[in-house]
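Chain nomenclature is as follows: A, B, C and D, assigned in order of appearance, with residue numbering initiated at 1 for each chain independently.
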Amino acid sequence: MTGMADGRAQRIGEVVLAVEGVSLSFGGVRALADVSFDVREHEVRAIIGPNGAGKSSMLNVINGVYHPQQGTIRYMGREYHDMDPHEVAASGIARTFQNLALFKGMSVLDNIMSGRNLKMRSNILLQALRIGPALREEIEHREVVEEIIDFLEIQAYRKTPVGRLPYGLQKRVDLARALALEPRILLLDEPMAGMNMEEKQDMCRFILDVNDQFGTTIVLIEHDMSVVMDISDRVVVLDYGKKIGDGSPDEVRANQAVIDAYLGVTH
Amino acid sequence: MFYRENGQFKSTYASDQQMLPILQDRIFMAALLVFAFGAVPFVVSDYLFLSLVIPFLILALAAIGLNLLVGYCGQISIGHAAFMAVGAYAAYNIALRIPQLNFLVVLVLAGLIAAAVGVLFGVPSLRIKGLYLAVATLAAQFFTDWLFARVKWFTNYAHSGSVQTAPIEMLGWKIDAPVEKYLFLLGVLVVFTLIAKNLVRSHIGREWMAMRDMDVAAEVIGIRPVYAKLTAFAISSFYCGVAGALWGFVHLGSWEPLAFNLTLSLNLLFMIIIGGMGSLLGSYIGAAFIVILPILLNQAPQWLGMRVSTAMTSHLELMIFGALIIFFLIVEPLGLARLWAVGKEKLRLWPFPH
Amino acid sequence: MSEDLSGLDTFPKLLLHHTKVRPERPAIREKDLGIWQTWSWHRFAEEVRALACGLAAHGFKRGDHLAIVGDNRPRVYAAMCAAQCLGGISVPLYQDAVAGEMAFPIQNAAIEYAVAEDQEQVDKLLEILPQCPTLAHVYFDEPRGMRHYDQPQLMSCDKLVEIGMQSYRRDPAFLETEIAKGTGSDTAAMFFTSGTTGVAKGVVLTHHSLIDRARAAAEMEGLTDADVVLAYLPPAWIGQNIFSYAQPFVTGYCICCPESAETVMSDMRDIGPTYYFAPPRVFEALLTQVSIRMEDASAIKRSLYRYFMEVARRVGGEILDGRSVGAMDRLMYRLGDAIVYGPLRNVLGMSRVRVAYTAGEAIGPDLFRFYRSIGINLKQLYGSTETSVFVCVQPNGQVKADTVGPAVKGVELSFTPERELLIRSPGLFKEYYRNPEATLASKDAQGWFHTGDAGYVDADGHLKIIDRVKDVGKLADGSLFAPKYLENKLKFFPFIKEAVAFGHGRDRVCAFINMDMEAVGNWAEKRGMPYSGYVDLASRAEVYDLVRECIEKVNVDLAAEPEIAGSQIQRFLILHKELDADDGELTRTRKVRRLHVGEKYATLLDALYGGKQVVHVEAQVRYEDGRTGSISADLKIRDAKTFPAAAGRKAA
Amino acid sequence: MLKNVIGKNWPVLTLGVALLGGLLAPFADKSTMPGFYVEVLLGGLMAGVLYSLVALGFALIFKASGVFNFAQGAMVLFAALAVARLAERMPLWAAILLAMAIMVVLAWLIERLVLRPLVNQEPVALLMATLGVAYFLDGFGQTVWGSDIYSIELGIAKEPVMILAGLFQGGILVNKEDFVAAIVAAALVLGLAVFFQKTPTGRALRAVADDHQAAQSIGIPLNRIWVIVWSVAGFVALVAGVIWGSKLGVQFSLSQVALKALPVVILGGFTSVTGAIVGGLIIGVGEKMAEVFLGPVLVQAFDLAGGGIENWFAYMLALLFLLVRPEGLFGEKHIDRV
């Protein structure tokens, strides 16, 4: 494990994503208040905080589901404003969801394949006749997807409808679908929520492997500190929409504000 | 039970992704086609062709069209007869104004025009969902109803408002006899079914289903809602347009403005509910069901030796349709096609239950 | 077999032969990335060549040993052949063995080179590195997770292949000449038998012995390169090795490697092997599954199933053996085949099986008949690592549930006065590696191998095995006591997974029983019997009664065989945990280590004979995830009814 | 200040302007007599009130059970038929009471047999279920009550009366019955509005509408609420049925009337009672205006076979409206949660 951490530490690079003074509110309700932090290439960046701290809102802002009233997001130097989710995805940011957002009506394979659509080019006519490029494309992307299936060890469920899978596995499929985008940055929304210890360990392993083998930058949300601390390089702490801490796991652990925020928060 | 899958392993993705991966299914499908093309023409009477088979084939096509939109892309439409109407009148006018054009070309053009109109009425789907969209599509229904009833140009100034089509002739083949009509329609249907099947198992199909199952997630993985929804509308309307043209030219021959009214739209909807949302097979089953049921209701009393007024049968029909819709939505939301699929699974696992 | 293989006296030579005769025929298929990736003989040979050249470049030379630890993978088999190309010896090790168990073979043969499938295996090898200083090269196939390993001994197979290709380009002739140097009398492989006694021995087998036996059996069954085998058991076990290495090399047929352990069943359904091998426990597990799944079937299905299985039980075997049965029966069987047996074979993945073998231990007669009755040509064979497997095989048409068939061509059988079976055959092993006394003890001057099995040849020349000679003991009153024989009879009941019988030198026979969690659990649920877990269920009075009935049935049979009527089981208890290879209670091939168990559970044994009704037990258990915990329980002890010996009839 | 007011509400404003324009447009043509104009306006308002009535039925049910009740029209027809046929055997008031009872039973049956089994299905499924209900009711109603054209006699003189003769020359012709009907309808609409805002049941209802689970958790019996709502919807349908019936005669086409109410709820916003009312008036007036003033123009321009634009005008209006303000005039915006 430490060996791996070192392996990562050497490769951490420049800032790729910077959130600057983002504020977001629904009607009267304030979800985020002037939040700023940055994410460096190849690092594992955690956003933690008690339930309702605005973590998910933060992700939704980053990948364009919500548009903040104030503040900007700078991605690879370029500032983006009111980008729609699919544009964000196209620019190399993928994500998973807290409460599974898989495509219930499709098989595991199709769910992951759908993550490849951005890279599929053949036009409708070719698809309709399923000839030449369209057919080749289907096969090429199938190959990529199979690599991912192999990577996340879900071979046995390839053709099962996702609805029939146990929760833990569905989480894995969700991750697989995100990986299919070959993202530069991967946003994980409570990847370990509702998992048993063993599943959590597996998920940690997968997250580290992704970061390690594909060099993917990872931003993950958790409300349960314990898991996050040993896999992330830097941690942002939100509470009631405000940033109350930012730094290495140890610094954050020591941070009084954080401790207070977490007092009484059950795990 | 009939399945013997040992040794049917796939060593290439192409073979793994083929339409019917299981040998026994391929055999069955082949037999079915041979039967449909080879045997049916000799065994079925002209009456049955005209009253049952031909309407079934055309409605199946329309149902497939609607299913692509509602069942696969999850965009509800209560006004799809409108696009059939567009197709029918487009074909009528094209054939009328450019007589020398091959009918197949006319069909395609009619479909394209319907597709264009479909996209137009699909635009609201970008802002609104579910119920609101239902109303938007109703607008299409009422508008086209009015358009073709009132704008004389479309009906070539026929004072009755109803239009007459010349029998179809292409490449010297005069499609006149019921059997010929049947074979022609069957050919068209097979091709269009194949195309639909290809679409739904290509990435466009996956984009539609993604939209249907979880639109936010779909957009987050990079699917463009505009593209996904409008293509669905376009292709769906294209299918209905073609179906409409066929309905007019092959089935009706001549029709009044209200031949494509709300009732037809609702019937299409019922076909895919009863047959099965998101299933091409379901479109067929549903169409068959909707075509056969009224005829059964008309015949049944006589078999039972009862005297029932036509009014009564039409009321019964309404009631039974209504009851069935509710029944299916409650008991098997995925329709008869689902039952078929389950049965097939059971046969594959036979003698085991699961 | 049509083609002429004379002069092809080593596996590498056979490989070259196939690359000439059938370069594009499949040699190995592996379910990987969702499809069956296929290696033609040509491609397989290239892989072997690259690996061999690579090994040579790293100094691997004639007589060196190559340890191979991994599941069934093309590379694993390629590695075996690569070692043999260089005149080396492949030493496959059990991939499910714990690190400690790997130390002995490596030390014993002072092994320098090892091929490991993946991170898991590499970790084990690294763990024992301190005890095995000789181990200098470890090549891993699957790079996943290996990125941060920096031990000098490690190298990926891909790298090795690369190196091999380079040195091959430098000197293309090298390997050909190396292969040419090999002769049949060279050692081909070494298999470590965990041995029921516990001390592992390295069984040295030559190319000739393996090839000769593989060919004899292949000819007998008429195997061709059109046959297909599913390789799903440990390659380190001679049983799997002969079917997935020796015989394909002789006949050129294709072996298929499943995607993963949990997909074996579906992969088997995909592939539909034509030639199948499994130890009885596998067939047993399958049958248990079948009956359990049928339980949930609709009433109509169940009655259909019951009816036609009855028909099959009556005439299925005869029809398979080609004996004549009534037209009506034949018709009914046809019908049954269409709606029950056929589909059943299909879901079991056995539609295409021409020949299925079982061996390793005795198989329950009912179990055996079941498979034959539904049209699967299941046969028993007798053999061991020391004999390159094939000693006796039941020929088509003369299959009996209680024998293992007549001797295969080239094999001589003989018996000692103590009924110990002696074997002389071209397939006999050369020696136990660096263990002359053991070799001497089991292989005498005349070249007879002392099997240690007690048995006899029946009227039709079929061999029948009763038990291990050393286990055949005597009760205090001097009457014969054959524990294995009892245990097998017990294990034939679905509710009993394992049984350990004691009685040697004692006044009566007692037994430990291991219930079958799946079957008994199901039985309990059917009765709406709540239970918290294994220990709880095992201690239920109902379960005890269930087991007692089984035991008493056995006692009835035993009573009918005067010679061992005295061995009727009088007292028993149900163990609080499953006997487990990891706890040293079973061998890797899941044979009970009776002595070890006896010592480990001495207190229980004393209680049994001490006439106690209850005994308290504290025990260490090792969970799947490696953690150990202790469980304590009060085990009941029950008596079973025994029956007066029926006089007259001769013992079977 | 002003700027961001506009910024927020520009769609509504533009629409308002458009409507105003539409209202004033006729005066572009000098020949338009103010008297006639007002007459048309009033006619529109009266029709509008009736639309509101049916729309209210939609809004109620949608608010309380999230169901888009396509069967509203069928209920109108059913109720009208019931009253018409019963009135042949008994005094009108009795017939109406009895019909009301029947509608309650109907509501109960629908809740029991359709809604409960389909609870927390997605809206589209429920919509289709109500389609089924609509079909069933149409068939059932005509089977039970017969399928000819029947009439309901409210005992109000049908002859037109002249009002405001002083104000406009030629005065304004109003059908007395329409007038009464409009009054009744208006009263009913107001009554319901009050019922929702003030009575406990009304409040419970709104609670259910806002959040089913929450409502249940504080002990509001969902199923009973639904029965109530559907009964109220039935009642509304009854009134609408009687009024329309007495006006146009009771016949199958009545069930189509409800289709007119769909654009109304779109315009007003599904969940808003006020919306239903205002929307109804807008549609009513707009439609009449279009029919009377726009229709001829179109016929002229494109040489149509007759006008009849009222068949789609409402829908097109709603459709355009959807594009600028999907949540309708008074409906609340919803946020996608992920």
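Everything below uses one rule, namely that a contact is a pair of C-beta atoms (placed from the backbone, for glycine too) under 8 Å apart; a residue touches a chain by one contact, two chains touch by 3 or more.
None of the values given here were measured: they were computed from a predicted structure.
**Student:** What is the set of chains touching both chain B and chain C?
**Tutor:** Shared contacts of chain B and chain C: A.
**Student:** Could you tell me which pair, A-B or A-C, is linked by more C-beta pairs in contact?
**Tutor:** Between A-C and A-B, the larger count of C-beta pairs in contact belongs to A-B.
**Student:** How big is the gap, in whole Å, between where the Cα atoms of chain A centre and where those of chain C centre?
**Tutor:** 46
**Student:** Return the distance between the CA-based centres of chain A and chain B, expressed in whole Å.
**Tutor:** The computed centroid separation for chain A versus chain B comes out at 41 Å.
**Student:** Using Cα averages as centroids, what's the distance between chain B and chain D in whole Å?
**Tutor:** Computed value for the inter-centroid distance: 33 Å.
**Student:** In chain B, which residues are in touch with two or more of the other chains?
**Tutor:** 13, 216-217, 220
**Student:** Residues of chain A that touch two or more other chains: which are they?
**Tutor:** Residues 65, 97, 101, 142-143 of chain A touch two or more partner chains.
**Student:** What are the residues of chain D that contact at least two other chains?
**Tutor:** Correct list: 336, 338.
**Student:** Quick one: in the complex, what on chain B touches chain C?
**Tutor:** Touch residues, chain B against chain C: 1, 3-13, 16, 349-354.
**Student:** Mind listing the chain A positions that touch chain B in their complex?
**Tutor:** Of all residues in chain A, those touching chain B are 63, 65, 84-86, 88-90, 94-95, 97, 101-106, 110, 113-118, 120, 122, 124, 127-130, 134-135, 137-139, 142-143, 177-178, 180-181.
**Student:** Could you please specify the touching residues of chain D with respect to chain B in the complex?
**Tutor:** It is residues 68, 113-114, 117-118, 121-125, 127-129, 131-140, 142-143, 147, 259, 262-263, 266, 270, 302-309, 311-312, 315-316, 318-319, 322-323, 326, 336, 338 of chain D that touch chain B.
**Student:** Within the complex, which stretch of chain B touches chain D?
**Tutor:** 74, 76, 123-124, 127-128, 130-132, 134-136, 138-139, 142-143, 145-146, 149-152, 161, 216-217, 220, 262, 266, 269-270, 273, 311-312, 314-326, 329-330, 333
**Student:** Inside the complex, what are the residues of chain C that reach chain A?
**Tutor:** 32-34, 144-145, 147-148, 259-260, 262-263, 625
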